[in-house]
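As written, the chain order gives the labels A, B, C and D, with residue 1 at the start of each chain.
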Amino acid sequence: MAFFADIMGTLFERRPGKAAAPSRAPMAALCDGLLSAQGEVSGMRLARDILQRYRTMSADEKRGFFEHLAEALDVDSAKVIAAAERYAAKRDAASYGELSREAEPPRQELLRRLNQAPGGTEELVQMRLDLLQMEPSPALQRIDLDFAHLFGSWFNRGFLVLRHIDWRTPANILEKIIQYEAVHAIDDWDDLQRRLRPSDRRCFAFFHPAMPEEPLIFVEVALCHGIPGSVQRLLAEGREPVPDAEIDTAVFYSISNCQEGLRGISFGNSLIKQVVDELRRDLPQVKTFVTLSPVPGLSRHLKAIAKDRPEAAALLAAAATGDPEALGPHLAALRSLTAEFLLTAKRPDGMPADPVARFHLGNGALLHDVHALADTSANGLRQSCSAMVNYLYDLAKVERNNENFVTGKTVAAAKSVQALLPQGASTGRKP
Amino acid sequence: MAFFADIMGTLFERRPGKAAAPSRAPMAALCDGLLSAQGEVSGMRLARDILQRYRTMSADEKRGFFEHLAEALDVDSAKVIAAAERYAAKRDAASYGELSREAEPPRQELLRRLNQAPGGTEELVQMRLDLLQMEPSPALQRIDLDFAHLFGSWFNRGFLVLRHIDWRTPANILEKIIQYEAVHAIDDWDDLQRRLRPSDRRCFAFFHPAMPEEPLIFVEVALCHGIPGSVQRLLAEGREPVPDAEIDTAVFYSISNCQEGLRGISFGNSLIKQVVDELRRDLPQVKTFVTLSPVPGLSRHLKAIAKDRPEAAALLAAAATGDPEALGPHLAALRSLTAEFLLTAKRPDGMPADPVARFHLGNGALLHDVHALADTSANGLRQSCSAMVNYLYDLAKVERNNENFVTGKTVAAAKSVQALLPQGASTGRKP
Amino acid sequence: MAFFADIMGTLFERRPGKAAAPSRAPMAALCDGLLSAQGEVSGMRLARDILQRYRTMSADEKRGFFEHLAEALDVDSAKVIAAAERYAAKRDAASYGELSREAEPPRQELLRRLNQAPGGTEELVQMRLDLLQMEPSPALQRIDLDFAHLFGSWFNRGFLVLRHIDWRTPANILEKIIQYEAVHAIDDWDDLQRRLRPSDRRCFAFFHPAMPEEPLIFVEVALCHGIPGSVQRLLAEGREPVPDAEIDTAVFYSISNCQEGLRGISFGNSLIKQVVDELRRDLPQVKTFVTLSPVPGLSRHLKAIAKDRPEAAALLAAAATGDPEALGPHLAALRSLTAEFLLTAKRPDGMPADPVARFHLGNGALLHDVHALADTSANGLRQSCSAMVNYLYDLAKVERNNENFVTGKTVAAAKSVQALLPQGASTGRKP
Amino acid sequence: MAFFADIMGTLFERRPGKAAAPSRAPMAALCDGLLSAQGEVSGMRLARDILQRYRTMSADEKRGFFEHLAEALDVDSAKVIAAAERYAAKRDAASYGELSREAEPPRQELLRRLNQAPGGTEELVQMRLDLLQMEPSPALQRIDLDFAHLFGSWFNRGFLVLRHIDWRTPANILEKIIQYEAVHAIDDWDDLQRRLRPSDRRCFAFFHPAMPEEPLIFVEVALCHGIPGSVQRLLAEGREPVPDAEIDTAVFYSISNCQEGLRGISFGNSLIKQVVDELRRDLPQVKTFVTLSPVPGLSRHLKAIAKDRPEAAALLAAAATGDPEALGPHLAALRSLTAEFLLTAKRPDGMPADPVARFHLGNGALLHDVHALADTSANGLRQSCSAMVNYLYDLAKVERNNENFVTGKTVAAAKSVQALLPQGASTGRKP
């Protein structure tokens, strides 16, 4: 029992500076201790010790820790089979409970107990990020499934909180908005101010109560008169805000996931839905909800087809000059090739090749328009030869679009976009 | 696809008064729809519909719904066995993922998706309360295990928030404190005020962020000079608050669980631990942390032994008069029998028979003193012939006590309490 | 300098329990010390000492303190005259400054400095309440003008904060709503809940930031379908809330000033105005804003005219039975006499005799209807033989009504109310 | 009455975008209207109109507006004299009230009524700033006294709120901290972060509830081990925070007034006092409270004496090189001359010539040490040849120091500082 006495240390201590020295027992013993701890009192202390130890580990030690989770704290297939057989025979609560216990690896309970430590949730998200960044192995991939399962339950939509982000938001949150913006980089605090402060700009983020200073995902919105076709004009320095009375359109021009450690836990369509709700309430004059979205896979696609399609090769060459002017002769081709890419290029499973398209079409949006010279930044030229597109959230059609997309893999697109297609291109629609 | 189109209704609607009429599809179909919904958009609407439908069900219909969960959405033992065999052979992530999926019944995912509806968490807790109040059956007991598993993960200590409860707390919360007090009933708002407002009283509660207006558990604390031996004196109307300078003891005189639907999810020892932390920070002069606790199983125990123990029979007879004065000649016997009960009466597993004793001893507290005439209310006379006890949270000994209790089932008790035992009574200690 | 050293005590001390013992210097010396204190450091300590001393004074000592303010800290007329003459001659800033200083009695600066103590504002309001409750004298009446002047500046409309009061409001605020309700007494917490919790009820209060736990004035609002004519029906136990879709009228049925110590500082019409703004924003379907108001001066008026007006005598006799049924034969007379009272009974200055009428007509409202059997409580029968009236806030006419009332003393009234007048009664309107 | 009808416009309108068009009546007529408005309803609308009009005025028009206040809304000396004579004779409340009314110019009431408009307080502070920036005249100086009087009452210490400023503070507040820092300029958000985020830094500000987004004054604090002698080392990029356990000293290294429009309303010593209170509570290990203060008048003083004092001339020449190294041979002279300046250079009224010295000595601090090369920034070299000093807030002596300073104009200084004086320099102390 010396081990137990050791690791419990001075109970009831938590304030900084006063905490008992953490245990020096081996990590595996600490984990066993935490799993067998009866009282939450000792559990919380052990959880903190383990997380503290983890933080100071080398990459190799962390890998060792993960492998320990994967092997020593795995399910025992033989016991699962025995329990499943008993349950099949008896169908009572006791045998069902036994099956549930046997089929869940002890590492899941370990992770739940680690979460009891102050700040535990954030540390577990960081722990998974470490895991994702390691060279994959079957063992590591298996425990990643446990992280994903647990996070999916904990970061359930019902537990998330939507918050306005504006120039009154605490600086430590805003700092993270700068850091996490993944679509159109925010250069500095002045740039951030241009996106948050004008009367025609909005920003919304989801937070989890256990990580109140860490946004999970955020979307930036521009209120416009009409649907815009250039992100540079949208974000121009020195532009005048659109007067309230002229606003009729809300443009989602950037949506960024913040927590790489929550990969696979999807927040995006909940966020867009709830933001549409908020905007409709506050700004009844807004009738159109639309994105201004990148086409990140376009240039890659064009390269793949360039040898058969001289207009794609010419376009890529023009974009490679880095000079938007050079694109002048290729604008019609650019719009046509973009429409073709989004309407016809597919993954093996029949879904669109472009991830942004999959996201918005999967939400029930419709491909509304295609713009050349819409993102003339270096990145825009490189990834999509300056093309951007609008996905339209038409509330009356969102449900039908979603159904058609999920069941028939049909890409909803405006007639004008379909008309951009070269003669004979197949949209995947049945005749 | 008509079903899908039907149940999705008007998307993006959520405000009261504007919501689309809920679907009239059968409940089982709604559940299948929710489990197969791809987008969170349609999922949230289905979740709301199902919860709304559930609320209006009769008891029989609810039982039918639970049985549907238990049978139609159960694990398939054969598939579990097959998956476990594959995993035993391959040990890769794909087979592990398959085993995890097969071993978790679809109803757990259904409950997680129901939680996405606004207010879903609270409704699920209520749903389990309905379940617990039904005549048990193996089917119902099985799904109760799923609720318990899910709630254990969601109401993880790391997600709970401690809040001071005082006379500045919103009335809708205070109303629930009145309603949920389970140990010493709060008569009305004046009585509540006497427990919250004086400078020598404190109250703390745990909340979950998804149920911000529902306390989960709360503890009432009296700050005292010395350790009290009567709850009536502690709560007397018109008493004077103890001056700050004289306070040296914090007495936990009532701890109440609020959510019957969270039965089995334990918050108590976390709460006591964190409250001790808070009090030590704010009131460094407090050196003693002690309870004034009921002995709910005492009278029942005395009845069981009365035929062999005339002093127990006499005591019960005196208490049955309802007149505390009648207990006068029996006070020594009462204290002795109480000590004997707490130190020697055991459940079959060797743990103390009294549930309050199990709770505090399991937290590492020590049985410090036994008081006669400590609760002279009708309830106090009935359940324990007026006896109450103090459990002491001695921070230097809590860890050793906890270890001894868990491993050796030893009841930690002050020498003075042990001395109350009749000669020859066995405390379960080894000689 | 010993005095100064004494009264400054241990500087920088403020926490409870650690404060230096307050000075035992005479109150007049403390006041002189505070007025001559250079630093705010010593000033704040002196202010606290004076307020603490004041609290423990007997009524006679308080009167002595007020007389000291009135005489020793008065303006010096001779100096004012001299300064005014110099200013008339020189018209420069120095002479203007001197005149300002001489014309303001030092007690005003003393009150401002007392306000620096923690909680000072609330204590000064209480101090004036003490003053108002004393037997008046010219000295006391003079300093009351100083309190009124200062409070008028401090409790400026621009510094007040409007807050919703509902069942989520902290209990210590709600307790004061119960206590301060002056029109229709709130019996207990259950009664309060009936006024705050239903979906068709609202309550709003003004607060001052320096007294955040003390409402200054509040108004209770019932949302109705149509204009009600009975306060008992409005407040009936067990009534069903009006469904949102049927609401078209907001009824201000009670408005209560809370701080007697702020007598003469008017908040009422600001409050009504801002509440109308709030309600129009949140409930656009509400088109009618109306009061259900008492007629507190009616019975007194009827007694005065009873010997010449047999119908008034009969009405009073019926009301005196305390049985609303007894009023049956007198309802027409009651409505007619109420209209007559409100339209024709005047103060010497030509304003309506009834204070509630002066308040609402002065805000630009119109006397819209007269109801018999509208308040059948004991108080209602006593003060107005059960009559109540509606004042209508018709936004399109409020400005003209206000102007006519202020300049021509004209009582705006609906035609139907005018028609209630006996033939030949003069409404004060020009022919 | 057409004027009145016109200016009242559509009552009850306040929301942006819906407000009635503001009145086009002349400003003087608007002011008369506001002063004669009976109801607050019309008053608030008029107040808003006047402020709106004011904002769009040219500088000349603003001057005209101020002159209107100064002349047309001035006190009438003859009436003051008559009222004062009546009051001297009658000593009753009526005559006292009349005197009070006559002696206060109507413009003060006008300013109070302007304050009722939303945002009025902030606009009035801005209005006074305009006034202070104009070419002075007796008329303008007179009304500045009215502003100062009113602001002194409104910004009473008892109405101010202390707030921690840190990296969690809203960005719109932090932006103002950058803008208002007057002592050691904050370069950008990174620099700000270095002052707010480390564990050994604190910042506190006073706010007024009617201007919640405008700090009034703020102080920056460095927690140190020992008393520092160089602001560059204190603020160095890349420095390590002092560990909690080593902290024993709190250094107020910058205190900045934010609102030029509140000139003459002093918040500084209240702020320091309250911050000392806060720090003592949170960090009991801090025993020393000290400033690191500039000596802004030093170089000017040295220039004045340079022709008689060759060491001053040499020092100035070295500082003028802009190279701190050049000061090497002059460090002893610099310390000696700084001590001499602070201890012996006086204003005509006998108070120290240096404003920072007056501030801290007036608060009861003691001149504790003098440092050369303490501020080697361009500004530091220019204004004080790099010298800075520590003023010590020794709680046991603050009261005596304050008394001696106020009454005897004695500069409290450590022996070691006095020893820096050249032989024969007079400190103003009596022998």
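Things to note:
By our rule, a contact is a pair of C-beta atoms (placed from the backbone, for glycine too) under 8 Å apart; a residue touches a chain by one contact, two chains touch by 3 or more.
Here the structure is a predicted model, which is why all the values come from computation and not from measurement.
Chain centres here are C-alpha means, and the one lying farthest from chain B is D. Inter-chain spacing, taken between the CA centroids of chain A and chain C, is 56 Å. Each chain gets one centre point, the mean of its Cα atoms, and the points for chain C and chain D are 37 Å apart. Per-chain CA centroids place chain B at a distance of 49 Å from chain C. The residues of chain A never reach two or more other chains; the list is empty. Taken as a contact graph, with one node per protein chain and an edge wherever two chains touch, the assembly forms a single closed ring in which every chain touches exactly two others. Listed by label, the pairs of touching chains are A-B, A-D, B-C, C-D.
Those residues of chain A lying in contact with chain D across their complex are 16-17, 167-172, 174, 188-189, 193, 213, 244-245.
The touching residues of chain C, when paired with chain D in their complex, are 1, 4-5, 8-12, 14-15, 38-42, 44, 75, 77-78, 80-81, 84-85, 87-88, 91-93, 96-97, 99-100, 103-104, 112, 115-118, 120-121, 138, 141-142, 144-146, 149-150, 152-154, 156-159, 161, 209-210, 266, 269-270, 273, 276-277, 280-281, 362-364, 395, 398-400, 402-403, 406-407.
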